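Comments concern the structure below.
Lettered A, B and C in written order, each chain numbered from 1.
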């Protein structure tokens, strides 16, 4: 049972970690919480759903669709909420991301209807049992994919030129500009990357839970935000750690205390860290 | 400066698009020749949006039908739809809006018991009928003489289900999962009390909050209590998710639950994982009765989907309200309430309706089960 | 003309920090800007590099108007700078700090990186070599993997210069590079700046260390209260009365 809870936690944590990274990449470069992350997750899920429903029952194609959708949404949010509002109080951009979130949920409701849709399972056969815990192949697939994406992002940010640009903008965008880095383009890239990560997470999550609906990203987005704060909003490794830890803590919280307390656990962590250690477990004061 | 302006404009556009969708619908109707207005409060957006939209569909369909046959007392009916988003605060705000508008004669809604209870004092003070199709919390109808519910209470339904589980299905040990809101707590309590009264054992109880999508932790915990069956006090969407995740965990056992699980959506979303699920209904869409066939066919034609229990209840609510207005011979808020209270054997799609003194409907139930991904009558086996 | 400023003006509220300044810089020279504290020298640099927008006037570089370009475009034209109060990226390694400077030279895209194209490998190698060479020149190669924030002050100054040079600028702006250096280090700096000139880099230098300025500057401009009050060779400036007055008559610090 302990093993099962751990596996449940790691699976759920993979989704949290992807979304937490989406928050962290964007917060890193702009010190802005993108509250449209949950809605982007939802839109990614719908893109995946449309793909398997109308094009091909292929999860990889669905993930590609989620990625592209998320990427475009991130790009668009940056153009509207950030670029056109440059120089206005930060709060305007923040509110604008909330507006985007509402807007996307409404659009999805209008286009697809409020009814929950069924997302088919993939690789749903039992892979193995371990200490009484059942693991299906899809869980391994989900965890593996998430870890791969997280590693790729890690490489992108810490080993490439574009990543160096993102890190410098995150540390000091003015100086970065003076060094010849195109700050606008870098911010735009960070938003697209964050969006793409959320979009893929949407597909992975919807296949795991077998459902797609316009509000599926709300709680997911909120919890991942907690996870990101938990690990350190300004640290990519921190966000990953936060995602996994939050899910594992929640799952064991359910086991030890009760299901009714699971959200409370998440939000106590959020408030606790915001109050006493705002930079989270791994966040440095000013680093991505 | 111009940037600030741009920010404001942008927000206005975003919010405008969002709210316009609803405003447009309203204004259109307000133009017709002095109709009689009914307010509908329902979660049109948010987590419960699909239930709210079913309300809207059914009520609009009922009104069209009533108007096509000459309206009520020579006047056409029209509905004003308010979106409570499943949020009790919104529901209460809408109640304020409806009751202060003299054009509105009665209100249908809201969907959840929690929302209905939050709005109740406002309808009670202002004196307007609050007719909920679905609020099944025992405290609701008895809370005010203006409050009525036609779904039947959990106090009526759960003894029937407990008997089904214990005597008909032979379960002795049951684990319970319920949503943590007024309805879920009430449902779980009435079920466990009645099941224990019959001699059964409740092995474990767990709850979850609105919007939760991951049930694996709770299910893993419940599984360890080793029950014969799982009782699931959930709406059909959550019910399907819970079943899917249960199957992924490799945990196969029969499931019992309240009538809120009865929906084609449960089958669509849950797939094979919802086979071997037992529930009761007072509306069965595959019922061969002509009035039910007529309703189902029309609903499918208009909206492209099969109506469920909640949709049928909303239809009943509107038809019942029109009937009460006819019997009252007036659109006076008070008179409508009196006529509604006097309802006896009104032939609804979801069973005939007679109100108790407190305003609850007494229902009849039919046992059903899911087999080969279809709802079937249990007793026909 | 290589670099020109025409009636550049910058105000902060009521304070005129840069007051209709004209400045011509000849290619291949070392041009110093001196003046008392608060005279407006750094603000002048900020206007040139786009960190602050001039309120009026224009700035021409190689005949092109760069007054209103964004900072990264100005950098791309070939203007690099260091800062009076050091602005390194504290949580990047020493090597990464220099690499940031090469950003402009390195046209590889994400695709190149993903595909590890031969172009990418070649450019990557060039960048790496350039950075290491600059670190050697500045004596920082041993510390290339440390966080920049952990370097002592003098070395942070050197790193800033290395970073600025990494973009292979044609015009290099140095804002008080000798601040906080001991005489031995300053002498080293003197040589180093000369070596840059020898490589053909034009240098615009703000410096309070008069010994250094008089020794290396080809031309000196003096600014006081935002106004350019004198310009000329070291000897001309040393004997200019307005300059003496500005420095001695009403020293403000």
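As a convention for this text, a contact is a pair of C-beta atoms (placed from the backbone, for glycine too) under 8 Å apart; a residue touches a chain by one contact, two chains touch by 3 or more.
What you are looking at is a predicted structure, and each value in this text was computed from that prediction instead of being measured.
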item	value
Most remote chain, CA-based centroid, reference being subunit B	C
Identifier of the chain whose CA centre is least distant from the whole-structure CA centre	A
Highest C-beta pair count, chain pair	A-B
Distance from subunit C to subunit A - Cα centre to Cα centre, in angstrom	41
Between subunit C and subunit B, distance of the C-alpha-averaged centres to the nearest whole Å	71
Centre distance in Å when subunit A and subunit B are each reduced to the mean of their C-alpha atoms	33
In the complex with subunit B, residue positions of subunit A that touch it	1, 4-5, 8-9, 11-12, 80, 84-88, 92, 95-96, 99-100, 102-103, 105-106, 109-110, 113-118, 121, 124, 126, 129, 134, 136, 138-139, 205, 209-211, 213-216, 218-220, 250-251, 254-255, 258-260, 262-263
Contacting residues of subunit C [partner subunit A, same complex]	49-51, 70-72, 75-76, 81, 83, 87, 89-92, 96, 99-101, 103-104, 106, 108, 110, 113, 163, 167
Residues of subunit B touching subunit A in the complex	3-4, 6-7, 10-11, 14-15, 17-18, 21, 44-47, 49-50, 52-53, 177, 180, 206-209, 211-214, 216-218, 220-221, 223-224, 237, 240-241, 244-245, 248-251, 265, 268-269, 271, 305
Complex interface listing, subunit A residues touching subunit C	156, 160-162, 164-165, 167-168, 171-172, 174-184, 284, 286-287
